[in-house]
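First the structure, which I've put down as structure tokens, then a few questions once you've had a look.
Chain lettering (A, B and C) follows the sequence in which the chains are written, and residue indices restart at 1 in each chain.
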Amino acid sequence: MDKLKNMKKTTKNNIITYALVIAAFVIMQSLINAGSISSLLEGLMVPLCIYIIMAVSLNLVVGVLGELSLGHAGFMCVGAFASAFFSKCMRDTIESASLRFFLALLIGIAAAAIFGILIGIPVLRLKGDYLAIVTLAFGEIIKNLVNVLYIGKDSNGFHFSTKDVMALNMEPDGKVIINGPQGITGTPKDATFFIGFILILITLFIVLNLIHSRDGRAIMAIRDNRIAAESVGINITKYKLMAFTISAAMAGAAGVLYAHNLSTLTANTNNFGYNMSIMILVFVVLGGIGNIRGSIIAAVILTLLPEMLRGLSDYRMLIYAIVLIVMMLFNWAPKAIEWREKYLSFGKKKKEAVK
Amino acid sequence: MALLEVKNLGISFGGLRAVNGFDISIEKEALYGLIGPNGAGKTTVFNLLTGVYKPDSGKVLLDGTDITGKNTIEINKAGIARTFQNIRLFKQLSVLDNVKVGLHNKHHYSTLSGVLRLPGYRKVEKEMDEQAMELLKVFNLEDVAHVAASNLPYGQQRRLEIARAMATEPKLLLLDEPAAGMNPNETGELMDMIRFVREKFHMTILLIEHDMKLVSGICEKLTVLNFGEVLCEGKTSDVLNDPQVVTAYLGE
Amino acid sequence: MSFISYLINGISLGSVYAIIALGYTMVYGIAKMLNFAHGDVIMIGAYMALITMMKAGMSPILAIVAAVIVCTVLGILIERIAYKPLRNASSSLAVLITAIGVSYLLQNTALLVFGANAQTFPSVIKWKGLSLAGGKLNISGETIVTIAACVVIMIVLMLFVQKSKPGQAMRAVSEDKGAAQLMGINVNGTIALTFAIGSALAAVAGVLLCSAYPSLTPYTGAMPGIKAFVAAVFGGIGSIPGAFIGGILLGVIEIFGKAYISSQMADAIVFAVLIIVLLVKPTGLLGKKIQEKV
């Protein structure tokens, strides 16, 4: 009996999460259709989907695997550039926008996943602070490399350079596709709010089901106690890499959305650098580390609030900073935990396990 | 033939010879004690047996298979499971999930069928649930199956650690100070439980313990470790009356 | 000749990294935490010095003193308010994320107070420097003073940690907090002192950095802060001579990378150094190995 009750509880929890996302989409979409929403807010919908996917995917690393990644925007960058490159090359070849976007999505995800594996293999040997700083380093390197990358195409095929456009040595008919710091211009604007919404649902489906499976348990066991996990035969490297790669792939999907929502794609600190990684981290922390639904709600609130209260937008980053510090102190300081248990126990004695 | 056969096992840390020339031979279904003063190297022996440290000399045979120098995961798969002196549970996971992690290598389905909830997932998860609940019943933990491990009282945490180790279906169970921090009542229950586990699962058990009541109460044979070397070994009553052992414990 | 002048520039930049890294490495050695906000304390120090000189019209010496005082107080406050409550937290990620929050807080407060526009920082060093080899090799006063300051600071710190009472307390706390407490050492006071020293060094580094590269924004400290951490890891975290060597090497690598490989890739090269060091020798050049207890 007790088991049944619990099974229901996690399922119920997941259903609430899906329902919230679907309801939010339906409400926003009907508001947009009715034209009762500012174009500014409407323009925020795709970015919001991107942030939500990023937050859920980062929570898989920070909350479920228990390691801090500060280079998550790097994977988004890989997904964005790989897919935008594909879309731009195929713009005239593949007529159907939805087919083209679908293929671009797969390419972006695959590219980010490959980077996830390549970076994960060395990085995941490290722990804690060192792991965090190395992910930051990789994120910055990716951003840097993209900024010196020049790719052009002419009748002879593709040309690469890391210097400038002249060094591509193209025929007169050649077209520059990736133009160093100027990035990629003219990516088709294929991303829509609906596509973003579907991608959120898929991301959620994968993460929530993964957590409640054999592999997810192994990942959380590593988070809770690596040595004990090893002692019962859990392959630490395999599962760390699995969580990291899945997370990178999802960030890649967010990058694809990003690239196909803008006509010009460049890599700078605010979109694919440290700042983006930190912003996503703020969502994860505010929503509760390991709490997937919380990440989504936090992303929505922290994205929309500063925009809706115009006066706040100057203070946006400051608010993020304070949220980060206060949340961490409130949730993790032993004294704060003691205080909470004393005054805010809500009559519950034994906490249910966190999934 | 003995289940565990260790010959001349040794390791040094820096200049310190932490364990030297360690021999032990444990028969199937034996309840064997490893005792010695603090710092004698008992936990180091466990770490050597489970692959946490690589020995720099010696040989370990488990059921006739050479497992010397293998890593922790391979050794667990070969059939050694352990508990830790300072309890190491998966704190945020439920009691049931702690045991299911122990069952990890006994049940398989692919990541994809887990994510897509294919029939394989449902079938195997059901088997795992049933098997885990059965184990929890043995250790009298079925009522707290859905409580987070960190919220269990101390005695139950110790029992859960043993349950998790048993879930890996070992041939040899290593218990590192299972009675540490328990009151005499809890220790009494623990002794009954260890005996029960041995009988029900035909388990071979090697334990480190300081509680002499527990050691003399359940162990059939003992090995005494002092300064990283075997001081003596034999039947429990003989060893405990050995003047050498008394000196090692009480000093000159 | 250009090789030598790159080398000297590299050593000069590396000296700034080394001074920051000294603060990083001491804090890491004792509080066992990565103080992400350390780089931003540098920026605050530079702004303080700038205000003292430009607005209050005081001498460069007084400006440095003011910056040191403000940063020292700031460092102690940060430790008390944001880090100390998390010292015994169950997750080591908690304090790391908080430190990121503090870093962001400092940057964005500075952004609101001082604005995003870069301000020109007047050099605190009036000396023109040396002209060698018949004018072919010019070494600026800033370069010479920075290198000299770095060497002096390192020697003083080493003497302090090895010989003085508070220095011995620091070493004791970094070895074993609990045991140090039992021996009657004031652990909280020692950690606060470490943050104070680290932040004071950050102020000095800020002034020297902005004297050599005279453009100050709220983000000025972030990159040098991270690079100084790279330097500290490179040299072996917790080791004072390690931070010095790591800092100098990193500065030289960065300037050579800029000059001979690609100026846009200089940061990437520095980060690549970090990754290689951590993967090949995680304890750095002079660090010691710590094994996890089972």
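Quick note on the criterion: contacts are C-beta pairs under 8 Å (C-beta built on N, C-alpha and C of every residue); 3 or more make two chains touch, one makes a residue touch a chain.
Keep in mind it's a predicted model, so treat the numbers as computed, not measured.
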Greatest Cα-centre separation from subunit B belongs to chain C
Give the identifier of the chain nearest to the protein's overall CA centre, each chain being represented by its own CA mean.
-> A
When the centre of a chain is set as the mean of its C-alpha atoms, what distance in Å lies between subunit A and subunit C?
-> 32
Subunit B and subunit C, separation of their C-alpha mean positions in angstrom | 48
Between subunit A and subunit B, tell me the centre distance in angstrom, where each centre is the average of that chain's C-alpha atoms.
-> 41
Interface hub residues of subunit C, defined as touching at least two other chains | 294
Mind pulling the residue numbers of subunit A that touch at least two other chains?
-> 227
Two or more partner chains touched - positions in subunit B = 52, 84
Once bound in the complex, which stretches of subunit B touch subunit A?
-> 50, 52, 72-73, 76-77, 81-82, 84, 88-97, 100-102, 104-105, 107-109, 111, 114-117, 121, 124-125, 128-129, 133, 143, 145-149, 151, 164-165, 167-168
The answer for subunit A against subunit B in the complex is residues 2-3, 6, 205-206, 209-210, 213-218, 220-221, 223-225, 227-235, 242, 290, 350-354
Report the residues of subunit C in contact with subunit A in the complex, numbered from low to high.
-> 33-34, 82, 85-86, 88-98, 100-102, 104-105, 107-109, 111-112, 222, 226, 229-230, 233, 262, 264-265, 267-268, 271-272, 274-275, 278-279, 282, 292, 294
In the complex, go through subunit A and note every residue touching subunit C.
-> 62, 66, 68, 70, 122, 125-126, 128-130, 132-134, 136-138, 140-141, 144-145, 147-148, 162, 227, 274, 278, 281, 285, 289, 314-315, 317-318, 320-325, 328-329, 331-336
